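In what comes next, chain A is part of two complexes: it sits with chain B in the first one and with chain C in the second one.
Up next, the complex of A and B:
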């Protein structure tokens, strides 16, 4: 029982990390209809920037805040320079361009920072709380709290601010938004900036739990896609809940299903994606698309 | 018009030139280089397979590295465990991969564009893990050593030259088959599906048959390529088939030209030799080039290398007919890339 609760909480924390990256993916998908395959790699690069700032002697919190700001700007620049020329294009073009970005960012990081594995400090230390006989890492609770805070902030931004209103309007109908005076281009840039920022936060939290190297987000990305798929690709709340479900399912399957163990855990998101897409393609909270000839 | 017959002659001359170069090549190069060209030919088969799927039928697969690996392992396991002659393992690898491709094509029927990309990406990521897990068959992380085929005594060629010509013959056959396939009814049906699925269905194209069929054929090509790729190396391990391989295939079809047959050869040479030379500068350079090329080609040369001629012709036509919008010209470019 004790083990079960630990697996559950661990899964919730891991799932929050998947959810955070999934949130970044969903933010971009909602506004532009692009699934950004490079989201994980952008987060990886951001984490390396944070690592660089730490090496320069900045305190962790300052380094993180600086990284978030830089990531926001970098996200906007990427949208303007790389994505804008193909926006609204065919799916194949979009997939190829974001995959190109994936490979480019990954290799650039390898070139600049090398391929060694590094450790990354945690915001929350490595203490454990003893609650009713179950040892719970403070870090796990911290991660879940951060994710909930991020979702809360995003909710307020989307629902209560003018920028958020513009972002929702552009997602719904860019043409009409332009007609009522919304700067569509600028709004899309902000959307990518916010997504890059959320991704950077996810990257730093994940690196603290795992390690930091140029490929550490590759595996996480597929879990995040599973989370986003499960939640419905255009629902931020769905992304978070989807992340939790995937995280817990992964923990349970890895612990209690002997066949899966730690090697084949990667099958969990893959099967989840397949099953969701075949049974209920819109996920839990997604909205259906209508096709027309 | 005379321009079309001129183009046909131009194309035939091009192919004849490629054939002559391909035949004399191994007599002028050392063992190591011949091995590289053998690998490039094997890659070309897999790249062509992916292009049949992505370029012609418009279905995205980011997971063809998995089929490439499957073909390689089927061939190697049959040689090592069952003592099957290596030539016989090639059609078996092809058949196994065709079945696997058909099976992946079934869920693909319900998945469009992005979602298909997601699922196939998952397959590519999971493949090395599954290979590691099936240790009894695959040797796990230790890998699998296979005796490299020796040239028959009567043929009078060195081993590496023999493998080169074997691969060359298979490659030529597969290219001819693909060219025939896309030129006829099947090719038209696939392009119709790519351009407008609902309209294609209305015109009587059996979507399920053609889409799963495209997956099966495409996977068979990839598997055959994988089997041939591994023969001259004599060793394979899960790390031989990283995610980068699947991305490389995609880069290859974009460089060569989506929905072209000949482009696969350019693309394969690109992904065989770019990493070799780039590694002299920095191990990360190949990735930077791949990524940059994927993005730049989609902006500047959506028809790939094979589309350059067509693009020049289109630009000339557009400058004569001045008010043709540039955007339309670009989409036309992609759409007319449907010929060999």
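Up next, the complex of A and C:
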């Protein structure tokens, strides 16, 4: 029983990380219809920036906040410079452009930071809480709390602010948005900025659990795509719930299904993607348009 | 000086030119209509004014040359465009649709009052204020589109075939409300329509567009009563 609860909590924390990156992917998809394959690499690069700021002697929290701000700006620049020229183009064009961005960011990170594996400190330390006889890492609880806070903030921004309303309007009807005076370009830039910021947060949290090198987000991206597919590609809430389900399923399968162990865990997201696409292509909360697209 | 002065306006999509150098004027406080058959360039005229299509020529609004402006900048000049197909934000609630309409306004207060004013013109929208706009009927979405345009506090409202897809009695009701809006709010209306009979009854002035050129213009009353004009140009 104790082991089961540990696996559950651990899966929830891992799933929160998948969910955070999936959230970034979904934010861009629902406003632009673009699946950003480079989301993980952008997060990786952001994490290296945080690492660089740490090396320069900044305290962790300051380094993280600085990184989030830089990532927000970088996300906007990427939209303006790389994505804007192809926006509204063919699906294949967009896929190739974001794959190109993937390679570009990955190579740039390798060129600047090298290919060594580095460790990255955790915001939450490595203490454990004893709750009813079960030892639970503070970090796991912290990660889940951070994700819930991010979702809460995004919800308030989208539902209660003018910028958020404009972002939703642009996602639904760009032409009509322009006619009421919303600058679609600027709004999409902000959307990419927010996604890059959320991704950066995910990157830093993930690096603290794993390690930091130029390829550490590659595997995570697959889990995040599984989470987004499961939740519905245009639903932020779905991305988070999908992340939790994938994370917990992965933990349970790795622990209790003998032949999966830790080597075949990657099967979990792949099977999830396959099953969802076969059975319910819109995912749990996706809207039907997604299926047609 | 007229509120809107258009000279030698050419417009089109890609290599196709739809409007071949039209000139017209809209006086402040008036209701002006552009009539014409399908494909004459009515929608393109409005889209050219809003900067949604490639265009050349001069467009002066209140003396300011706006022919190079982007759609969002045109909106900031207090020109509201009620587009063909109504431009509904289907996934937003009725009230949120109205709020988006006030996007260009800097002041926060007054928006709540203006939403109430919209509901005054269109009580049915108030009953559905929390509902997703995509679930509204065609007529209700047309009301919502006009309400959204009102939220911009427009000086000029461009309306693209407001009667499209509506039952005749609903269309009459809608035009009556438009007339009230024009009078009460001091908004100038430029309406493009195929439904000549109805719109001529309450417009002040009319232009007739055919194959991208203006072939006729005059007081709405005169055009309405001239059997020959109606038969040869308006098909009614």
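The criterion applied here is as follows: the second predicted complex is superposed on the first by the 289 of 293 C-alpha atoms of A that agree within 3 Å, B and C clash if a C-alpha of one lies under 4 Å from a C-alpha of the other, contacts with A are read in each partner's own complex, and residues count from 1 in each chain.
FYI, a contact is a pair of C-beta atoms (placed from the backbone, for glycine too) under 8 Å apart; a residue touches a chain by one contact, two chains touch by 3 or more.
Keep in mind that what you see is a predicted model, and the values were worked out from it rather than measured.
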First, second, both or neither for A:224, with chain B first and chain C second: neither
Chain B versus chain C as contact partner of A:46, first or second or both or neither: neither
First, second, both or neither for A:178, with chain B first and chain C second: second
Partner chain(s) touched by A:14 [first = chain B, second = chain C, both, neither]: neither
Chain B versus chain C as contact partner of A:168, first or second or both or neither: second
Common ground on chain A, meaning residues reached by chain C in one complex and by chain B in the other: none
Chain A partner contacts - residues on chain B that touch it in the complex: 54, 58, 60, 62, 107, 110-115, 117-119, 121-123, 125-126, 129-130, 132-133, 196, 198-199, 202, 243-244, 247, 250-251, 254, 258, 282-288, 290-295, 298-299, 302, 334
Footprint of chain C on chain A - complex, ascending: 162, 165-166, 168-169, 172-173, 175-184, 287
Chain B-facing residues of chain A, complex: 35, 37, 82, 85-86, 90-93, 95-97, 99-108, 110-111, 115, 218-219, 222, 225-226, 229, 263-264, 266-267, 269-270, 273-274, 277-278, 281, 291-293
Chain A-touching residues of chain C, taken from the complex the two chains share: 50, 52, 70-72, 75-76, 80-81, 83, 87-92, 96, 99-101, 103-104, 148, 152
